[in-house]
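After this come two complexes, each holding chain A, first together with chain B and then together with chain C.
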Partner chain A sequence: MRHGRYPLILSFLLPPLALYGIFVLSPYLQAFQISTTDWLGYSAQADPVGLANFRTLLHDGYVWNALKNNAILLAVVPVVTIALGLFFASMLTMGGRKGRAGVTGVRGTSVYRLVYFFPQVLSVVIIALLWKEIYSPTSGLLNGALRAVGMTDTPAWLGDPRFAFWCVLAVMVWSNVGFYVVLFGAAMQAIPRDIYEAVLLDGASRATMLRKITIPLLWDTIQVAWIYLAIAALDGFILVQLMTNGGPNFSSDVIGLRMYDTSFGSENKFGYASAIGVAMFFLTLSVAVLALRTARRDRIEYS
Partner chain B sequence: MTTVETGAPTTVAAGAATPADRPPRRELGVANVFSHGFLLLWAAMTILPLAWMLLSSLKSNGEIISDPWGLPEALRFDNWGRAWTNAHIGRFFFNSLVVVTGSLCLTMLLGATAAYVFARYEFRGRQVVYYLFVGGMMFPVFLALVPLFFVVRSVGLLGTWPGLILVYTAYSLPFTVFFLTAFFRTLPTSIAEAAMIDGCGHFRLFFRVMLPMARPGLISVGIFNFLSHWNQFLLPQVLIPGDGQDRMLAQGLSSLAVSQGYAGDYAQLFAGLTIAVLPVLVVYVAFQRQVQAGLTAGQLK
Partner chain C sequence: MNRREILRRSAAAGLLATPAAGLLAGCATSGGGDDKGDAGAYKGTKSEQNPLGVKEDAPLEVVIFNGGFGEEYAKAHEAMYKEKYPKAEIKHSATAEISKTLQPRFVDGSPPDVVNNSGAGQIDFNGLVSQNAIADLGELLAAPSLDTPGKTVKDTLLPGTVEVGSYDGKFLVLNYTYTVYGIWHSTKLFADRGWTYAKTWDDHIALCRQIKAAGIAPWTYAGVHPRYMSWPLISTAIKLGGPSVALAIDNLEPNAWKSDAMKTAADAWYQIVKDKFILAGSPGLDHKQSQTAWCQGKAAFISCGSWLESEQKDVTPAGFNMTVAPTPSLGSGDKLPFEAIRGTAGEPFMVPAKAKNVAGGLEYFRTMLSRKGAQDFTKKVASLPVVAGATEGIDLPYGLGTVVKALDASGSNGFNWVYNNYYRKLERNLVDAACGEFFSGRISPAEFLDQCQKGADSIAQDSSVKKYKRAA
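Showing the complex of A and B:
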């Protein structure tokens, strides 16, 4: 039955490959080329300038300011999100009362999962706009609560350069935690119950159990979570653009917004924007590789 | 089990300073109150913003500004009507529905066919083509944004839905193919061989035998793609520029927020957001198991 093989291979493979080549591969390759020109957008005039864009990048205070914020996101968001995710997931899978059935989850586990996961299916646009209203100085939910407990001098949150960035960071954590609760929860389900029952009999506390048993056995999943959150922390563009647009006074700027503004926003410096994109690409790549390297441990398999 | 019980708590008990004869039940009881407290707190933090959004969408603008925590005096569904027609949320909703239907069908068709070939057929250069293809999911979309704008413009599809559908599909294909290739490889070969012996052709084998067998995988990756297309903001922002009525829901919401800033019509913004959230909520509650499985499988690529 070799007859009819090649028609299938060609007709099945060529359309997706063509689409991929035109809209994915060629733009990526062009981006590297454009990053070495001084292209200003709508004219065809683009002269090669070598690495001049990258030299400008090194001395661009706005870029460094944005990078600093991404670095803070990178340092804080994965740690906090994973810690909260592990905590809630372990509560849900084995926080239950020690009874005859051994190690179980708390009551209402499936309801908690349903609720926690929901932000994950919402569009980031909706999350950003909703939280922008929550932080609103006069009509917001947050300041409404603060006034109710007697605080008169309520902060302006997103309008205050001291708080704006941290407010966005909190939303990033808020929207991600539920996903990792479900992800870690699924991985914890796979750990054999009798391991927990054995260490409980040996008198281990809940914290010891989490530290000595659960986390080592979940390491692969945690590593994946780490990489994803790191990549998300280097982005953050939509949240920042819609909530603060990088302000006030660039205090919540991120590198993605810098690139967007340079190309489609206040300026049309496509050459320079592509250089920022290329820098971002290598940054993301090295962070992912670094996360993989530092988190490497032997895989544990249940026999 | 009996032997373990006699073995005293020596191995793991790090806090050996605590008296060993303390009744374990009480400790667990305290821990339970503590843990339940945190679980409830987080649940409240998740629900509260959404409940607030729903309630605010039914209030008047005066009520929203003067008392953010107050309940609406009357249920003003006219806010929803205003958002639906004046702010064109209804129109944008329909636009997104059409585009996502198109892009989802195209992604699943092209993804499944390509994955099937990669999984089941030997040909020269298969590995190279596969890795080239799947490698696309490693790159951030950001990098491609500027050239992509000009590629789409040069093929004459800038600002059009077909252009958006093709781009959504192209960017979803790497992950879809990666996921489905792995899935097709797990399907037994014996059924395919039996079908071939019975005289089934290559094309019929795929559409009649293999595709139905791959249904669970198709559903998982389909849900993943549906949500990522539906929630897409960056690509339409760049590829459907301007402020026409042919934009996607996410764009419509963001410009509703901008105009709310000028007009001060808070209720309309909340109504628009609620209209956008409700269908997602319904689908999510109805298919929560599949959605959670699809998305977590998606993340573990």
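Showing the complex of A and C:
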């Protein structure tokens, strides 16, 4: 009986594992192998060069510049996105003033929730092109609005190294917030109403309620959000590539774009690009592990 | 979990891992081996009618870059090939992403027979050449032209075509269109306002002042691809100092970017930045947006190649009459006359060295370079092919007419540079970034040339990049 189970289990497990092995694991492992070669990508010839690619990487100013930008993304995007997501979600679930003792959202909650979720429905490419037009210095919505309120000498946004990176960062936050509003909103719905009613009766303000009740009870969800956003911040490739292509003067470059540019863009150094990819892999991995470790707290169960 | 179970599980894991290891050995870089022995597998008998030795029933695969020229012209060329070799089966495909589409096939050793390696997703030629991935086209040059009796294919080409496609003396890349790079303006706008295009730099600045006073921005440029502005700047320097300025840059000679001619040219061009002659916001526009602003009359001048007219076809107002002109001369000390303009063969085609039907690929090029093929191309896409006299008897659109005139006037004074072909990254990334800083006024002319030189030096010192030299 016990042995009869194995063929069945194996026949269910093997195909997905094989697919995973072929399409996920093997490319990963190959990237490690390719990163130790000088492969140029258009012939089968690749000579091993040991760790030379990684040594070059250490002295590559463009890579460090891109990493610096990723570090800023990592520091800013999760915090701002989660803060905004929490704020909007709590407004939507308990921001209403009607009936001081009850806990309801602001008027039109369902409409807002839908609107916030819109960017999530759009593909990232569309978001990038949409915002590229909004930021356009001559015909864009943003500068149009600034001119309408009497501002002359409007900035060139994506064409100005002082703003380009922050413009992309803002779009990254904008496109992510909606999802977390819905995620946090759903988690908040699961918090028993009577807890809120109790603290309201005790005279807690809405800010205290958010700080002392909602956030601790949402900690699991926030932690997941944190990891997702941290990984997204280490990427940022699609938005940057479409909106600025790393420019002007590399001011909005990110590590993913560096890898792409090294392999498919201005050069075809697949060996070196794989080395960048391997470095990225370890970075992302350590960020995810760190985020998990530092955010670990005891889980609260409602009974 | 007892010990037996652990053993059982690890055995299962081992079973799973074995095929994975096998996969590893058989992927990416190891594919194709060195030679499957089918490179140039299709060979026919050479004869007077068939100088390249095409096997008449061998299939031919053509991959076209689906960009500004579309793919219809290529289908016409394929039909011409098929007319001559009815038994040959032609496989046609078009993509905007040449590099991503074809990379696995190059590695696998089974590339198509003809590749139009162009566009933003172009495969870097430096890498292709250093990996011996492109077939030598020498035989094609020596073959007789398809429909111009008594001439070889080489005799029918415009000057400079062979040089631009040659690496270390071997002709590897057929650049099919002839592109002229200059400064563009609307004849209508200038006639309406009573302006004339200035032939010297001082007059150009005076004209810019006049244009600005009239409420129009004198200049705009593709801020997202600021390298477009490196073209008139380098042209100005070459006209001042002679073609050796370009030669030094192409050969990565030390301090080539900081030559006296380059310094003078950069100082001169800085004037349009300093005096705010550039349309506000240009640094944030891409090529389409800036060209459209120019077509709408928001700016008077723009730097571009001769593809501009077809690229702007949809938004150019009727009677706009775009005209190309050479860069203004700096003064009487210029080594080249005002009329000298940068002309070069562009739109690269190649036959991969490992193509199955190399002879067929060369024959396809011979068809493209026939008078009939070239004229058909001009009619379909309103651009100049590299075949001499291909435009005779064809009604040209206005802009292309001015291109032909400018080329005639420039004659043997025409010049070109190729560092952008040799070292794609140098122009696309490094000089590009420097131009962005310079033309938005954030760095001085000296800093601009420093940044370009630093870029050139970084390429020169990179041992993983193959270096090319040209003689003249």
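A few comments on the model shown:
Quick note on the criterion: the second predicted complex is superposed on the first by the 279 of 303 C-alpha atoms of A that agree within 3 Å, B and C clash if a C-alpha of one lies under 4 Å from a C-alpha of the other, contacts with A are read in each partner's own complex, and residues count from 1 in each chain.
One rule holds for everything that comes next: contacts are C-beta pairs under 8 Å (C-beta built on N, C-alpha and C of every residue); 3 or more make two chains touch, one makes a residue touch a chain.
These numbers come from a predicted model, not from an experiment.
When both complexes are overlaid on chain A, chain B and chain C end up clashing with each other.
Touch criterion met: A:159 reaches chain C, while chain B stays clear of it.
Contacts of A:190 after superposition on the shared chain: neither chain B nor chain C is touched. Once the two complexes are laid over each other on the shared chain, residue contacts for A:290 go to neither chain B nor chain C.
Of the two partner chains, both chain B and chain C are touched by A:26. Of the two partner chains placed around the shared chain by superposition, neither chain B nor chain C is touched by A:79.
With both structures placed on the common chain, the touch criterion links A:71 to neither chain B nor chain C.
Which of chain B and chain C touches more residues of chain A: that partner is B. By the touch criterion defined above, A:261 lies against chain C but remains apart from chain B after alignment on the C-alpha atoms of chain A. With both structures placed on the common chain, the touch criterion links A:151 to neither chain B nor chain C.
Touch criterion met: A:114 reaches chain B, while chain C stays clear of it.
Of the candidate stretches 73-81, 91-99, 325-333 or 379-387 in chain C, only 91-99 runs into chain B once the two complexes are overlaid on chain A. Of the residues of chain A, those at positions 17, 22, 25-26, 30, 34, 138-139, 143, 264 touch chain B in one of the two structures and chain C in the other.
Within the complex, the chain A residues that touch chain C are 10, 14, 17-18, 21-22, 25-26, 29-30, 33-34, 37-46, 135-139, 143, 153-154, 156-161, 244-245, 247-250, 261, 264-269, 272. Every residue of chain B that touches chain A in the complex is listed here, in rising order: 4-5, 7-15, 20, 24-25, 28-29, 31-32, 35-36, 38-39, 42-43, 45-50, 52-53, 56, 64-65, 67-69, 110-111, 113-114, 116-117, 121, 123, 129, 132-133, 136, 138-140, 142-152, 155, 166-167, 169-171, 173-174, 177, 196, 201-203, 206, 227, 230-231, 233-234, 237-238, 241, 249-250, 253-254, 257, 266, 269-270, 273, 276-277, 280-281, 284-285, 288, 291-292, 295-296, 299-300.
Residue ranges on chain A touching chain B, taken from their complex, read 1, 4-5, 7-9, 11-13, 15-17, 19-20, 22-28, 30-31, 34, 84, 87-88, 91-92, 95-98, 106, 112-126, 129-134, 138-141, 143-145, 148, 174, 177-179, 182-183, 186, 198-199, 201-206, 208, 212, 221, 224, 228, 231, 235, 237-238, 242, 256, 259-260, 263-264, 270, 273-274, 277-278, 280-281, 284-285. Those residues of chain C lying in contact with chain A across their complex are 12, 16, 19-20, 23-24, 27-34, 99-100, 103, 106-109, 121, 123-124, 127-128, 130-133, 223-224, 226, 279-285, 289, 293, 298, 424-425, 428-429, 432-434, 436-437, 440, 442, 464-465.
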